[in-house]
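Each of the two complexes below includes chain A, the first together with chain B, the second together with chain C.
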Partner chain A sequence: MLEIYNLDVNLSYRGSQIKALDNLSFNVYPGEILGLVGESGAGKSMTGLAIIGLIEAPLSISRGKIIFNKQRIEQNANAFRGSKISMIFQDPLVSLNPLRTIGEQLVETIRTHIKFGRKEAIEYAKSLLEEVGIEQERFDAYPHTFSGGMRQRVVIALALAPKPSLVIADEPTTALDVSVQAQILELLKKLCRERETSIILITHDMGVIAETTDRVAVLYSGTLAEIGKTFEVLNYPQHPYTKGLIEATPRIDANSLNSKLYQIPGVMPDLKEIPVGCPFHKRCPRYIKKCVEIKPPLLNERAACWLLDNEKGLL
Partner chain B sequence: MSFLLVNQLSRIFDLSEPWILRKIKGQQKKLLKAVDKVNFSIERGQTYALVGESGSGKSTIAMMVAGLIKPSSGFITIDGYNFFSPTIENNIKSSLRKSVQMIFQSPYASLNPRWRVGEVLKEPIKAFNLIESENGQKQRVCELLEQVGLSERDINKFPHEFSGGQRQRICIARSLASEPKLIICDEPTSALDVSVQAQVLNLLKDLQKQFSLTYLFISHDLAVVSTMANRIGVLKQGILVEEASPNKLFEKPEHDYTKMLLSAAPDIKNVSKIP
Partner chain C sequence: MVLLLVALVSFIIFRYVGNPVDNILGQEATMAQRAALEDALGLNQPIYLQYFDFLVSAVQFEFGNSYRGALPVAELILSRLPATLELAVTSAVFGVFFGITLGIYTAINRGSFISNFILSSSLIGVSLPTFLIGVLLIWIFSVELNWLPSFGRGEVIDLGWWTTGFLTMSGLKSLILPSITLGLYQMTLVMRLTRAEMLEVLKQDYIRLAYSLGLTNKQIYFFHALPNILIPVITIAGLQLGSVIAFAIITETVFQWPGVGLLFINAVYYVDIPVMSAYLLLVGFAFVIINLIVDLTYILIDPRLRDNQLKSER
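Right after this comes the complex of A and B.
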């Protein structure tokens, strides 16, 4: 449904061009939940913004194609933003207008994208609220009277109102409690299954990835490190970075007290000084000569790592 | 005797309107029980974790242990001394202040952006009059930086030149400056990435061994807690509903609230099979 080919996003910085996203290609299939993981600065949010066409100067899409339902959208994203592709942001406190009731905000969104009369729109808005688990009586309430979880429900209602076929959820639960997080993810999953909407779920929580997504893409320094079915990626990671991320994630396990967590050595390189070759090689425990010289492409449609080239599935 | 003892600790916040308005409107006092008769203790060199959702009173307890707000009833003793006791001597009070330090949630908000790292770390040394000479202070700062895995070269940098994980290391170094015995860690890694979180948690463990530190660890992430704590207390609306060792809590949780928290926590082990 959504295809991205060789996407580059450049940042002009003091006359030079820095690659924020480098040769990114992946697909999103209808009805699936695709997870995007990586450390901060890996380009997760940048990918989301590029798809929805919110890339502005000094950032620019310098190469590549974004194809949505067989149409190229990177040049006229306005026609798709909101109606066909919508976005849920991290902090529900900031993404609602504090001066207007949630009803007004819902009706406004609905009438911008669907040709509804006022009454119809109100009717529809109320049914949406019901669907996300908010009583219809709250239609005229202001955002500050809602808790964080309830606000995020309103934001989900807003995002789903125009019946988009793709929702980009940028860390939708990072600002919420664990129990609320579970409810929100469950709701998002249920609504998208019912409407056959695809989701791109951006998060850095491997636990959320494990429990929510069908496929997962691991980003590192603006490049795709690994992509595949969540079950396979988490159980049989092929890229050393994915493996490191999984091992660094603490697990609920009574016996982990006396052992130390695995830590990936070093930090992610600054975008200004991404090394030649594989961007991960400086932190990689098993890099070979080739890693330092040539940047690996995605091999076996799975992971960008030269180790996959000669030895098969050795990680 | 336990190093930290919290006995029947309660804190009530008064949320009612001013007296005169209450009389006009005929309202009762509005009181919020933030912490309600909480009991727990920590042995020296151990880690006790408090878990619960926002609003459950975790941070209120932390602030009372740190001596920042006064308990409404009940008492806390650290190393046998009660900070809020009316008979406590001033020199004991100041040594208690030295021996309890805090690490806060966001390393972005807890460092002054205009201060160089050296000044940040010198502040507690000066405030507690630990080292008089300028040279000695500088030496101590370098030592602290090395203990948390930073280097002497970072002494003249500003906080914005560091990543989130490095900033949290600076905060840890600052809390170590007064050679504390108890460190209160208030969600020390929830603003950090997984890989960085692992580094910070490992550092906290190493330091605990090295200086036999006692931690009061506050978190809502059960996975993090399971790698850190010797004992875990579960808080719900100010009441300690369950307290157990990690073994027991994760294998046989008793209270419904604990069960709910456990089932809600996303765990990497629960990867769904291909449908």
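Right after this comes the complex of A and C.
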């Protein structure tokens, strides 16, 4: 449904061009939930913004194709925004216009995309509110009277109102309480399954990936490190970075009491100083000579790592 | 509170700038005459009683007689007030309307040639003194082009309690130049404020969400961004309306506009103390009223403030 080929996003910085996304390619299939995971600054949100066409100067798409239902959208995303692809952002406390009721905001979005009369739109908006778990009586309430979790429910209703076939959820639960996070994720998952809407779920939380997604793509320094079925990637990671991410995830079980949490050594390089070769090699426990010299392509349609080049499947 | 302070200042001017007895009777009055007048004016009473009397009569809009024309000050001011208010309101409307429009335009089309042109030429509006702008406008439009009158209000229609220049052609024409002169500074200020606030608001997450929901630019600018910049803009516009009334003095002098400001200037020439103190009180009063209205509009605009209000009343 959504195909991305060789996408480059450049950052112009004092006259020079820095690659923020480098040669990114992946697909999203109808009805699936694709997780996009990586450290802060790896380019997760930027990928989302690039798809929906909200990349702004000093960033720009410099190469590559974004194809949605066989149409190229990287230059005219306006026509698809909302109606076909919509996006949910991280902080629900600032995602709604504080001066207008949630009803007004819903009706506005609905009527922008669907040819509804005022009454029909209000009916539809109320049924959406019901679906996301907000009483219809709150239709005329202002955003500040809702809690963070409730506001994120309103945002979900807004994003799903025009019946898009893809929702990009950019860390939709990071700003919420742990107990609320699960509710919101389940709600999003349920509503999208019912509508056969695909989700790109951007997160840095491996636990969320494990519970929610069908497939997962791991980003590192603007490049795709590994992609595959969530089950396979989490159980048999092929890229040392993925392995590190999984090991660095906190666990709650008897064995882990008082044990030290694994850390990936070093930090992700600054965009200006991404090393030649594999961007991860300076932090990689198993790098070989080739890693320092040549950047690995995606091998076996799975991971960008030279270690896969030797035998079939490693780690 | 503010009004009380302003009243105190105008009272002090009234009481102590020059001697009212001298002013009224002149140098050759006899001691008996002076004593009689002091008695009549209450000048031999203790000072706080005098202040109290002054307040009581001010509330009743009673400021005594003008020294010069021997007319009641209240009547004098009332007859001049419509001219000033019409001028102030017109120029404020002009300033706020064009200020907001141009502010939004320059914020949306940031960096374009026209925006930069508007912004740099608006600097002229701030840096040139009001009287110079007035004189320049008169020179261009009245002297050289002979399109618009250079002084006075033109024909006015008397509605009994109000005289208006809005209803006649010459009245409207005479309003144009003074309003531009008076409103230019406000326009520049409102424009720069609108632009800065707009740029700030357009960075907010709810604007990004609105874009990602596929709303049109028009919807985003006018229904999402504009309401959110209104509070600072109205605050400044309100303060400015007060100073428009106060600084109408200069414009009224340049254009010989028969308003309260011109009355005040003439009062200063002739040391007509009652007129001066009444004028001060009037301006103070206008400021207070305008700020009250501004505070009330906050509540109208922002539901969050509305709810706080309700909570504190409960």
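The rule is simple: the second predicted complex is superposed on the first by the 314 of 315 C-alpha atoms of A that agree within 3 Å, B and C clash if a C-alpha of one lies under 4 Å from a C-alpha of the other, contacts with A are read in each partner's own complex, and residues count from 1 in each chain.
FYI, contacts are C-beta pairs under 8 Å (C-beta built on N, C-alpha and C of every residue); 3 or more make two chains touch, one makes a residue touch a chain.
All figures in this text were calculated on a predicted structure; none of them were measured in a lab.
In the superposed model, A:Phe89 lies in contact with chain C only, and not with chain B. In the superposed pair of complexes, A:Ala159 makes contact with chain C only, with no contact to chain B. Number of chain A residues touched is higher for B, counting chain B against chain C. Touch criterion met: A:Pro250 reaches chain B, while chain C stays clear of it. In the superposition on chain A, A:Ser40 makes contact with chain B only, not with chain C.
Contact with chain B, but none with chain C, is seen for A:Thr230 once the two complexes are overlaid on the shared chain.
By the touch criterion defined above, A:Val267 lies against chain B but remains apart from chain C after alignment on the C-alpha atoms of chain A.
In the superposition on chain A, A:His144 makes contact with chain C only, while chain B stays out of contact range.
Chain A contributes residues 52, 54, 78, 80-83, 86-89, 91, 94-101, 108-109, 112-113, 142, 144-145, 155, 158-159, 161-162, 168 to its touches with chain C in the complex.
For chain A in complex with chain B, the touching residues are 39-40, 177-182, 185, 204-212, 214, 229-231, 234-235, 244-246, 248-254, 256-257, 259-264, 267. Against chain A, the residues of chain C that register as touching in their complex are 204-206, 208-216, 219, 223-224, 227-228, 301-304, 307.
Residue ranges of chain B in contact with chain A, taken from their complex: 53-54, 163-165, 193-199, 201-202, 205, 220-224, 226-230, 245-247, 249-251, 260-275.
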